[in-house]
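To keep things simple, chains are lettered A, B, C, D and E as they appear, and every chain counts its residues starting from 1.
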Amino acid sequence: MNTLIAISGLGVLCLLFEIFNFRKAIVPVTIIGLLAILGLTYAEFNAPASFYNNMIVVSKFSAVFSALFIVLTVFLIALSHDFYEDHQTKISDFIAIKIFMLAGAVAMVSFGNLAMFFLGIEVLSISLYILAASNRLNVKSNEAGMKYFLMGSFASGIILFGICFIYGAMGSFDVAEITEWSRSAELPIWFPIGITLVTIGMLFKIAAVPFHFWAPDVYEGSPTLTTTTMSTLVKVVAIATLYKLLTAMNADLSDTYINIIIVISIASMTVGNIMALKQNNVKRMLAFSGISHAGFMLMTLLNISNSAGNLLYYTTAYSLSGIAAFAVILYVCKNKNNEDIANFNGLGKNNPLMAAVLTASLLSMAGIPIFAGFFAKMFLFTQTIEAGYLIVVIAAVINSIISVGYYFKLILAMYNKEANEEATKTPFVLYAVAIVSILLNIVLGLFPSVVLDLLG
Amino acid sequence: MDNILNQIGIENYIFLSVILFCIGVFGVLYRRNAIVVFMSIEIMLNAVNLLFAAFSTYHQDAQGQVFVFFSMAVAAAEVAVGLAILVSIFRNMHTIDVGNLKNLKG
Amino acid sequence: MNTNLVLVLLLAPFLGFLFNVFLGKKAGKNIVGIVGTLSVAISFAVTLYLFASAGQEPVVLNLFDWISVQRFDISFGFLIDQLSILWLLFVTGIGSLIHLYSISYMHDDEKMHSFFAYLNLFIFFMITLVIGSNLLMMFIGWEGVGLCSYLLIGFWYKNQDFNDAAKKAFIMNRIGDLGFLIGIFIVGTLFNTLDFTTLKTTITTATDINDFWIAAAALALFIGACGKSAQIPLYTWLPDAMAGPTPVSALIHAATMVTAGIFMLTRLNFLFDMAPSVQNIIAIVGACTALVAATIALVQNDIKKVLAYSTVSQLGLMFLALGLGAYEIAVFHVITHAFFKACLFLGSGSVIHGLHGEQDMRRMGGLKKAMPITFITMLIAALAISGIFPLAGFWSKDEILMTAFHKNPTLWVIGSIASIMTAFYMFRLIYLTFFNSFRGTEEQKNHLHESPSLITLPLIILAILSFFGGIISLPGHSWLNEYLSPLFSKASHEAHSLGSTEYMLMAIATIGAIIGIGIAYKKYLKDNTIPTEDAEITGLTKVLYNKYYVDEAYDVIFVKPINVLSNYFRDSVETTLSALVFGLGKVTTRFALEGKKVHNGSVGLYLFAFVIGIIAILTYLFLQQFFT
Amino acid sequence: MIHIPDIANATAIQILFSVLSIITLATAFLAIYSKKPMHNAIYLVICFTSISGHYLLLNAQFLAFVNLIVYVGAIMILMLFTIMLMNLNNENEVHKPRITRLGAIVVFCLMCLVLIAIFRNSKPIADGSYEVTGEDYQSIKVLGKLLLNEYMVPFEFASVLLLVAMIGAVLLSKKEKLEK
Amino acid sequence: MDVTTLLIILLVGTFATYFSGDKWAPKVALLVGITAFASAICLLNQYNLGNEISYTKLWIAKPKIYLAFQADGLALAMLLLTTALTPIIIFSSFGNTYKNSKAFYALIVFMSFAMSGTFLASDGLLYYIFWELALIPIYFIALIWGNGDAEERKKAVVKFFIYTLAGSLFMLIAFIYLQTKAGSFLISDLTQLKLSSTEQFWIFLAFFLAYAIKIPLIPFHTWQAKVYQKAPTVGTMLLSGIMLKMGLYSVIRWQLPIAPLAAKEYMYVFIGLGIAGVIYGSIVALRQKDLKKLLAYSSLAHVGLIAAGAYTLTLDGLRGAVLQMIAHGFVVVGLFFVAEIIYRRYETRKIAEMGGIRAQTPKFTSMFMLLVLASVALPSTFNFVGEFTVLFSLSQVNIWFAIFGGTTIILGAYYMLKMFQHVMLGETNTKLFADVTFNEGLTLVIIIAVLFFFGLYPKPIMTLITPSLENILTQINRFN
């Protein structure tokens, strides 16, 4: 709870800084503030509690994921400094929106009442609509924002509809009460319908097939930093929320429900990977890659009762490598008007360090040891096999193979092609973010227990 | 006071709101004019709001109505942002035809 | 017996080899020759000592365990017994002579040091082959001599034809070697040892022996022998091997290496005795080889080719003897053959040397005067090989035919015909080469001269041996038989008492030989017929001249198909397999391209998919009962 | 079950409900189907108003008025404002291809069908009689207490939402001063 | 001395090489390689003294993953092969200059690290990690420093990577499945599992896919020739000399003991596949125009025989396979180095453009000849020892296997001699062929010396590996 309040306060502080003309201090102060809040979250981790009539329930799960979101936001905000160089007047707005988005995200994993859940998801979504469309002179950005908005609000309608049915069945929005009743009484059919509809809405948010269509377009059109946000923070938030929703309200999923998850999971992996093969735009490619990773993350739902640790590990690994990759992409495409793979030609010579970081992050996403991505997949496979869904694992493995095809396309471009132009100077922050995130990724690979054991 | 549902039945409210919701969906699919699409989404949200109110009566519980407030707030916020995006699209592209949004594809 | 002595025997040639390889070029040609010859001579001396001092019992020296398999260990060891000493004697003896000969013969070659190196290496491997204490040790030598043969046939490596011949020899040998290996495997599996002495006791004492596998082992080993000793069907490499320098032909492809097959069969006589069916095969193959090679030799014009086919033919006779179980007779013929065939080859080398490389007998003639020593020695050897009493060849060949007569008259007929032919083609060679007038160029004529003494000395020695060599095994009183008798499990075949049949057979053989010589005399001396030029050869002669087209047949049946197959594999199968793998990628890419059309940027379509997804999920979850 | 209203025995409320429902659905449909954006908007206003009528029928007065204020008063005005600002009130909208429209209709029918089928198949709820607790649960007073006590956090959080929307709207429309 | 020391040396060596700069990198790498070899010798020494060389530490608690290394005789033999070949390979590259050589040599050392880890790891997942790690450096080596057209190279290398990765991922599934049964990835646990024969079949198949691609067995070999051709010679040596052996080693270490029932039931199929590879590889090699491709196919033939030996499940077969692995590792490195020596002078790998070299450089010819002889398994070379043992084991299973497998000595001689003839013999080439340098000569001499020494005295290696192989055999026979 304190986390949420502090984050909201920090957002307001950002706006105040602009008013008082401390523009230069916004980024550092925000980062420091977020790090402080991280400490606050740590305190909450050890003291699970519920606040304000169960509106906010802080559990280990929520605390850990909140911490992850905060870390990711720190990275994102650090990257903002360079990204918004040319938009100095608006920087406070951007930062504030991101902070509020974080607030929404935290609300989404620590809700104790569906009202908080709904508001959280809306805060997050609306922030994203804005960020996606934020480059207002760019037609692509406009289009991305519009598409995202149209489909997103449609999905919100679905979620709302679902919540409505849940309410109809239970007469309450309180998660604890719903959980209790869902175990005991015979339920009207409204309840599963509601759950299904909410799930569908969340599947849209994590961009699972067939609700994924928005993702590539929006990722491609949005400003790169927004894409970074979407592909790391937002995806993680959405899957964590979905996980929490399902664990909270429907402890044992029916077989048919599981079948649907399996189908969607396999379809997401397959479509995402296959589609990514022939993309020229890196952002678009990573969008499809994100879709396939969504499929992987959905595998955690197959063994929902004890896969929280794996989910956390997978999302951490994925988002850290995503941050690292995007940091490099930001660097490479800084002064270009597109993000074609051709821009990466010769990066291996021009800037070996950045190239190495990107390579490492791509290898992590592809699931090559010793990066965290490998262990993430490994743990996931282990648990899925234990749960008896070998077929999903086989599909996942085949997809991992396909995914190498496009991840390596980028690596090939970096090392096997001649550079088009001279190397440019790399801003320090980009270096720092890229290296820190990839190092975290590797450390996570070497000591997986650190994260894995947080949620048992 | 008599419960109105004894006379009308919760099912009818459900059907009404389902059909209304579906009309909204239909609108989203059917029209290319962004404004009308927005309106369709509003219809969807209203359908849900109606159902909330009905369920609220069904359970004799005010929480459903409280939720409608939030839903309205969200709708308002969405419309504000959506229209802002729409305006900037119109400025750049001079059209609000959703079908023309095809720069991003493939 | 002294281990060191055996090591000296073995390593002297090897040291010679090392010296010639590393220091030969710097040391100069004379030193190379001397070192090379001396190293072999040392071995010969050691052999003589062993011969003199060895007792009846075989001596086994195990140096260390070499290879272990589960069933048995194979030691790196040597076996010195009568058979190996006998073989050592003529290997190192004739080896020394040929080394000596080579000093002069190869003096003009710039790579004389490598020549001597290879020769020494050959002797080394030959000794290994002979004194190996088990089949695998023998196999080292077996392959080693094959290697040396390869190196020496292709000694003039700038000529790709020679290289082809060398390669052919190696590969054909390897076909045999595979047989040998398979034989080793079967023997090892059956008896859990490869050691000759153990093997012998095991086999002779064993009671429950699987006839089929014994026969299989024997057959496989025989295939190995076929390869090395140029028997049908693996004989075609030997005539081609004449591409090598003549001393090589004399040493390797006449006297020593090609007799390795006989050595091996004799070594394993106890095994072959258990497999009569295989013995029959051996006899038949031997007889056929003798006849076929002899017919080919009838019409060859290359002096060395004649000798080569003659060698094949004689080897056939030896195998005939082996097949009949008369091992000691085969060994006897090996020895006499070593003498006279080496002599013939060296003589032909002398002729070729004198004519500066001319090998075609149609370009020779009348050399009798210019090269008297060569002529006389070759004449003696030719008489010996033709089986004229009382030269060495008479005794050995006669024994073979006699045995054949007793066992299987058909084989005797074949053998006799081959012998008659031998007499014919040998004297055809002698007449064409040494009699009448010289048919070469003027320039050659002017340079005709007798070869230097380093060449003639070995010739003379060998001629003497060819003449008197028969002494070692005269009918009725055979020193050789006695000497070798401990080797053989069965009591050696009953010595033919010299009855009237035997004398008649001898007479028939001699008369046959004389008839052969007579025909040759009539045709080539009296009528002075010169064989026609290649293009004009017709009819049966053409078939014979082209060696029954066996090479061509092999080419069509084996070599071409393999190459065609290889091309097919390389061009089609590999591409197809590769395409299959790439095809998976292509199919996926294809899907990706199709998928791109679906992601066409239309919000309407996206929402459509969304809604259909919802409908599908809801239908699946809640309306299953409608479909079941 | 969809009750075919028994007109003869229908109570006033039932008739009212039916009429309101027909108006709602019809205007909703027209709001989508009509070609002129202005007409769409007007139909939508009627639709929303009728929904307020439904709220009144359910005795949720506060909701009814809020609905009028927010939707008809704020949202629709905003839309109308935009339509007029951009001068969009003409029929130049290119129709979607026939197949798409057909598809939309099919999907619409399918979705209705599926949802209705699901709800018709569900077990009937209780016995059709709805209990009345009698206590006041939806007066403004109760709502206010609920909103500001139990739902205080979401209420506050909604302000964050609106703040974001506000910043966003400004961000998207504000022209930047190009300061160099 | 701890078993991890060696790995640490190599890992630290990787960084040391990279940070020593372009100029010093080759020397540092060589030093690291030699140090690693020395420490491998130390390990050997300890092993011979009877010390248990192992290291086990819990790494991840759930699922249980250990940092477990164990060096038994078999692993030590492979370790020695790796650490001996690494410095040789590094040294052999001294005649070339590579751009960005610090990265190049660092990758080589890293690869050596990964391969050593693969041989040492006794925890399935750890093993898998090293297995995959070994793939990455060779990918970059082939990609960046390879030769030929960049597009084609890219195609070949990417195919190689994806293909091998594809295979090994199925192995990962198998491991995970086994872990769910056994509770840990430790080989000691896995080899005690009593799985049903159906399970074993599938697990065997999953492993087989990984190994068949890596080894490679036909028909999974299509990546091989192209990659060998396109990779820089150093890469080719690493691939053919050591990396192929990873697959074969894994068959013996993991696949057979874990799923022996399947191995027994389908023994004929897999032996047949190996032998088919022998014949097929030999025949394809006959008509290759590119020297490196020819050697690649010869390698295919040889590993086919080794695999066939391993699948016989007899002590002889396993032992022969290991011996032949080591022998082949050396000889193939030598042969590729020969190809490189020729390339340095003639800048071609087309056999048709060579010929007539012998007259110009007798030393080189002799060494080349010796390598060819070793490759065709002339008795008294190491390869013969291996090939004999393998063929003998095959004959124990079925004599026909030995006969068909034995065709390798005929076909092998055919293509190798043919190649030798066209590369070295014939009329003296007009292009100058400078004699081998001291470095080149030294490299070849070391390799040849090893081949002949162990050809005559293979006993040390036999005694080293036999107890471990017997252990493995007991594991294999645990169902009897």
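The criterion applied here is as follows: a residue touches a chain if its C-beta (ideal position, glycine included) is under 8 Å from a C-beta of that chain, and two chains touch if they have at least 3 such contacts.
Protein names from UniProt, one per chain: A = NADH-quinone oxidoreductase subunit N; B = NADH-quinone oxidoreductase subunit K; C = NADH-quinone oxidoreductase subunit L; D = NADH-quinone oxidoreductase subunit J; E = NADH-quinone oxidoreductase subunit M.
Since we're looking at a predicted model, the values are computed, not measured.
Trainee: If you check the contacts of chain B and chain C, which chains show up for both?
Mentor: A, D
Trainee: Along the shortest chain of touching chains, how many steps lie between chain B and chain E?
Mentor: The distance in steps between these two chains is 2.
Trainee: Whose C-alpha centre lies nearest the centre of all protein C-alpha atoms?
Mentor: E
Trainee: So which chain is the furthest away from chain C, centre to centre on CA atoms?
Mentor: For chain C, the chain whose C-alpha mean is farthest off is D.
Trainee: Could you tell me between which two chains the number of C-beta pairs in contact is largest?
Mentor: B-D
Trainee: Using CA atom averages as chain centres, what separation in Å is found between chain A and chain E?
Mentor: Roughly 43 Å separates the two chain centres.
Trainee: At what distance in angstrom does the C-alpha mean of chain B lie from that of chain A?
Mentor: 27
Trainee: At what distance in angstrom does the C-alpha mean of chain D lie from that of chain B?
Mentor: 5
Trainee: Which whole number of Å gives the spacing of the CA centres of chain A and chain C?
Mentor: 77
Trainee: Out of chain D, which residues touch more than one other chain, so two or more?
Mentor: 96, 100, 103-104, 107, 111, 115, 118-119, 121, 125, 151, 154, 158, 161, 164-165, 168, 172-173
Trainee: If you look at chain E, which of its residues touch at least two other chains?
Mentor: Within chain E, the residues that touch at least two other chains are 162.
Trainee: Hunt down the residues of chain A that sit against at least two other chains at once, touch-wise.
Mentor: 115, 119, 122, 126, 129-130, 133, 136, 145-147, 150, 154, 189, 193, 216-217, 405
Trainee: All pairs of touching chains, please: list them by chain label.
Mentor: A-B, A-C, A-D, A-E, B-C, B-D, C-D, C-E
Trainee: Note which residues of chain C are touching chain D in the complex, please.
Mentor: 604, 608, 611-612, 614-615, 618-619, 622-623, 625-626
Trainee: Would you pull the chain C residues touching chain B in the complex into a rising list?
Mentor: Counting only chain C, the residues touching chain B are 596, 599-604, 607-608, 611.
Trainee: List the residues on chain A that touch chain B in their complex, please.
Mentor: Residues in contact with chain B: 114-115, 118-119, 122, 126, 129-130, 133, 136-137, 139-140, 142-147, 149-150, 153-154, 156-157, 160-161, 163-164, 167-168, 171-173, 216-218, 220-221, 279, 284.
Trainee: Any idea which chain A residues touch chain E in the complex?
Mentor: 348, 352, 363, 368-370, 374-375, 378-379, 381-382, 385-386, 390, 393-394, 397-398, 400-401, 404-405, 408, 412, 415-417, 448-449, 452-453
Trainee: Going by the contact rule at the top, pick out the chain B residues touching chain D in the complex.
Mentor: 1-12, 14-16, 18-20, 22-27, 29-33, 35-36, 38-40, 42-43, 46, 49-50, 53-54, 56-58, 60-63, 65-66, 68-70, 72-81, 83-88, 90, 96-97, 99
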